[in-house]
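Chain lettering (A, B and C) follows the sequence in which the chains are written, and residue indices restart at 1 in each chain.
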Amino acid sequence: MAPGPSERLRELHLELPPPPTPKGSYAPVVRSSGLAWVSGQIVFEQGAVVRPGLVDRDVPADVASELARRATLQALSALAQELGSLERVRRVVRVGVFVAVSPGFHLEHEVANGASDLLLAVFGEPGRGSRATVGVAGLPLNAPVEVELLVEAP
Amino acid sequence: MAPGPSERLRELHLELPPPPTPKGSYAPVVRSSGLAWVSGQIVFEQGAVVRPGLVDRDVPADVASELARRATLQALSALAQELGSLERVRRVVRVGVFVAVSPGFHLEHEVANGASDLLLAVFGEPGRGSRATVGVAGLPLNAPVEVELLVEAP
Amino acid sequence: MAPGPSERLRELHLELPPPPTPKGSYAPVVRSSGLAWVSGQIVFEQGAVVRPGLVDRDVPADVASELARRATLQALSALAQELGSLERVRRVVRVGVFVAVSPGFHLEHEVANGASDLLLAVFGEPGRGSRATVGVAGLPLNAPVEVELLVEAP
């Protein structure tokens, strides 16, 4: 039997960060119709956004990719809290990656791979969701990357 | 028993605006799998976009937040028309807020709170949906804010 | 009996392009809860993005609208491959259109009509989905348009 996501996280020497705190009257996760929607995640550490700025001008693409990975870990932390356990996730359905870019940057997909590669590593093939990746003009609190997640969780 | 959304709207002295008219061959609301997707709403008045421009450079953040509230009211109007009544909404599932920003603006989440706070006031706790908020380079017809809504409505 | 989508495509003298190849560890299509999510599509030809650049400054709006149409055909190609046939699509639920714009362009909705008009032509009234259209700062590989699709497919 394949290892579950919690065991895979251990094998990857990854720990889930503290679950995120919404910056307004919205929910970290909402469940409906057998699906669970996780709010867009930007990476916080000790109450501050990590590496604020635009990707390329202020934040190198490889750092942004790592932030996409960490934002995804935050999303998994929110899910684990809501579902009780990540073993309840049956598959990843959709990943939305928003990259705040300076003009002329065209590697949003490489940044987004930080999210997708982590999901594949944690969930195996069911971690391969659909994806939409775009470059945006800005993000809350000058964050360079935001990751939104939709999973199947009956 | 808690008051329903229609009664709460009355208590808040809010009236639903006329339901929106799509600017193309799409639908204001689509229902499927126990959910209802509302198309992205920009605020119109007498056929024209209200307060066109970029947030910060042309439109102050507090005005943009009020526009997010009004766009959400338009979304509720579309839902009321499609469902027959807002009492059919079981909960808010996801709110997408797109804010057209000038460079250096980083308070997209405060703008988005105009949408989230209204949904909480109208639906109570079930009005707390998941949320994704981003700053975009532009919106149709130079609108400063667009709000997209997904609700559970069996 | 109304013609199905495959017959309509023939009547429109349209052929589905080759199904898209994901640029990372994500899936072209994911099915869950009676719905099918198609990853964001940018238009490729012989391995290269077609007409790279920003809409208005580099790519005229009418060309961008045609690219929205072609991106939607790619999405239908991915769906046909996943579902076995487009006849399995019961209705279009949501269309997301991201247009990479230069400052001052405000006709994102006209670009998006390239996607919506095609869906209406191929599926008839069930092709009228909900829609969110935004202008973004950039897209992967400098593509001017990205189209994301969600359909009902039991």
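Just so it is clear, a residue touches a chain if its C-beta (ideal position, glycine included) is under 8 Å from a C-beta of that chain, and two chains touch if they have at least 3 such contacts.
Predicted, not measured: the structure shown is a model, and the values here were computed from it.
Write the angle of the rotation needed to overlay chain A on chain C, where the fit uses Cα atoms and the result is rounded to the nearest 5°.
Nearest-5 rotation angle for the superposition: 120 degrees.
At the interface of chain A with chain B, does the proportion of residue numbers present on both copies reach over half, so same, or stay under half, so different?
Result for this pair: different.
Where the CA atoms of chain A average out and where those of chain B average out, how many Å apart are those spots?
Averaging C-alpha atoms per chain gives centres 24 Å apart.
At least two partner chains per residue is the criterion; list those residues in chain C.
Counting only residues that touch two or more other chains, chain C contributes 33, 100, 136-137.
Quick one: in the complex, what on chain A touches chain C?
Answer in residue numbers: 33-35, 91-95, 100-101, 103-110, 112-113, 116-117, 119-120, 127-137, 150, 152.
Show me the residue ranges of chain A that touch chain B in the complex, using the header's touch definition.
22-30, 32-33, 37-40, 52, 96, 98, 100, 136-142, 146, 148
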